[in-house]
Amino acid sequence: MASTIRVRATSSGETTEVQALIQHPMDSGFIKDSKGELIPPHFIQQLTFEYNGKPVFVADWGGGVSKDPYVKFAFKGGKKGDELKVSWVDNKGATDTTTAKIQ
Amino acid sequence: MRITTLTSIAALLLGATSALAAGEDDYKAAVAAAEAANKQAASLRNQWTTTASTLAAAKKFADGGDFDKATASAKEAEALAKASIFQATSEKERWRDLEIR
Amino acid sequence: MKLRSATQFTAAAFALAVLAFAAPPAVSADKVDPVADEKAFKKFFYDKFPKLKPEDFVNGPYSMDADLYKQWQDKEQFPPYEFSLELGKEMFSKPFKNGKTYGDCFPNQGIGIRQDYPTFDEKEGKVITLELALNRCREANGEPAFSYVRDEMAALTAYMAFTSRGKPFNIKVPNDPRALAAYENGKEYFYTRRGQLNFSCATCHVQSPGERVRTEVLAPALGIVNAMPIYRSEWNGMGTTSRRFTTCNSQIRGVPLTPQDDEYRNVEYYLSYVSNGLPISGPGARP
Amino acid sequence: MTRTDNGFSATRRLILQGAGAVALVGLGNLPFAPAFAAANDKYPEEAFKQKTEADAIKSLYGKTAEASDKVKMDAPEIAENGAVVPVSVSTTLADVTSISFLVAENPVALVASYKIPAGTMPNVANRIKMAKTSNVIVVVEAGGKLYSATKEVKVTVGGCGG
């Protein structure tokens, strides 16, 4: 099973730019299905990026983040070849983790 | 063809009043006519979604025993089907009017 | 009830409108001339949008509106079709139960060939689209066909389009009466008004590209198939060419044909042919 | 109002006001446990339940924000589709610790809240849903104070509708 997380981390020497796309329905709990029934909320609540064992970015999300969510940020440091650990947990307790090499 | 379409359209514009006190037989005849017209539309590859939904509404009225409304809906469905037939037939030539050339 | 009387009115008004116009004679059918059609088709769009370069047309509404273009650029940084593309790549390389692969069904193992489809099969005398060829490949290898409108087909065609990005459409209409008839039938389908709303494909995609219908900026017909399949935000997911055709039909209150019926294959043939020379840009992202 | 939740959110506010407070509260229960990491670990459940942006900001930060032209938001005039609206923010403010995105007219105003540890740039881009035309508000916490930028984004196809 392929990871739900896609990460692109590129170092410019001084900073590392990180983009991530995650496969997740991000159901807000306010949308009705074709039968007119509310689809229960199902969304990622927290997404964490760690470099060298320290978080460099933490996202707290609600159901208002788009399906297959995307985020971009940058941090100082980060060397080519180093690993960035990315993990998320959703409101149902499901999780996924991946590591990406900084390019 | 054009004359029949016009007639049914005229009936439509007058609304359901012509279908006063319709019975089950009237309804069945109206549905049969609508279905036949819709079948012809299908053979011309040009059915309208509203024909089907109006027919479905007619059947629902009939199931509830309201044959006035059921008959009126069936006649409306027939008019829609006939309009779609007319559209398909006239477009056989008219489509070229839009063509980029 | 309110809705239904509106329907009645529309139907009646429509029929009367058509009657009023029924008199003028239609232009007589000329001989089928795809080369002249392609030239006229491109000229129409190039004249209508003089600021656009030919290759801009394959990006649809994004080339017509600066605000949309910016949003698209933002999205393309990590495009929403990414997951479909990866799934397609995985599916494409995974052998069937008999050990063969999709690649075995296509020239060049299926890589970089999207621009050659649809193609005219002289043996069968019919147009073969990429979606149809993929399902035939599956069936020839003992696998059940995929739905033409669902995610698996979108993923496979996304991958095949991706490996062909930038390659110009290279559709051939051989000098075979059956091929010319299929092409002409596709053209007729494109321009024929249908559905209760009395729209043809051309109503939106020739007469009004760049304008908004309700909320959407309409894509120009030129280059529209180059971007297939597409991730549509409106669909919250991927859609194949088949999905695009069938939903276009139902949006104008016409009952869609069955995906890959002759008319759909032919209209894709026509639209692809008149976009010859413009690059494949699929998979695309659209509002 | 008698539920212990209140105590927790009060605690959370304290934590979020500065990394220094965290050690005192003693939430350092993670293996790597740098002070701010513990704070980062808390998901602001209550803030994501608030209907209005003011209540969400209060729940999240325990204070109010003032508009600042140092907070630059990039968002479309008209969203191509309310389901996917790209919005990004950058700021020249120093000591940024948190950036949050809110949509006033959404059923839940708070969309996303990002914690920015020292060394991470105060620039974030993401894609959000909008139910209808609304003000989008970005709040930046810098040096313990809140600054905001607001922009109206028109939505013609809602991301929360049918």
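Order of writing sets the chain letters: A, B, C and D. Residues in each chain are counted from 1.
In this text, contacts are C-beta pairs under 8 Å (C-beta built on N, C-alpha and C of every residue); 3 or more make two chains touch, one makes a residue touch a chain.
Fair warning: this is a prediction, and the values are worked out from it, not measured in the lab.
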Open item on the list: Comparing the two chain pairs, does B-C have more C-beta contacts than C-D, or is it the other way round?
Closed with: B-C
Task: Computed distance of Cα centres, subunit D from subunit C, in Å - done: 42
- [ ] Averaged over CA atoms, how far is the centre of subunit B from the centre of subunit C? Could you give it in whole Å?
- [x] 31
TODO: State, to the nearest whole Å, the distance from the C-alpha centre of subunit A to the C-alpha centre of subunit D.
DONE: 16
- [ ] Compute the distance, rounded to whole Å, between the mean C-alpha positions of subunit B and subunit D.
- [x] 56
Task: Where subunit C touches two or more other chains at once, by residue number - done: 80, 236
Task: Junction residues of subunit B, two or more chains touched - done: none
- [ ] Would you pick out the residues of subunit A that each touch at least 2 other chains?
- [x] 67, 70, 72
Task: Interchain pairs in contact, sorted by label - done: A-C, A-D, B-C, C-D
Task: Residue ranges of subunit A touching subunit C (in the complex, touch as defined) - done: 2, 6, 8, 19-21, 23, 67-68, 70, 72
Task: Interface residues, subunit C side, partner subunit D - complex - done: 67-68, 70-72, 74-75, 80, 214-217, 233-234, 236, 287
Task: Partner subunit C, residues of subunit D touching it in the complex - done: 76-81, 83-86, 88, 125, 127, 156-157
Task: Complex contacts: residues of subunit B adjacent to subunit C - done: 2, 5-6, 9, 12-13, 15, 42, 45-50, 52, 54, 57, 73, 76, 79-80, 83-84, 86-88, 90-91, 93-101
- [ ] State the interface residues of subunit D toward subunit A in the complex, per the touch definition above.
- [x] 32, 34, 36-37, 40-41, 43-44, 48, 83-85, 88, 103, 106-108, 110-117, 119-121, 123-129, 131, 159-162
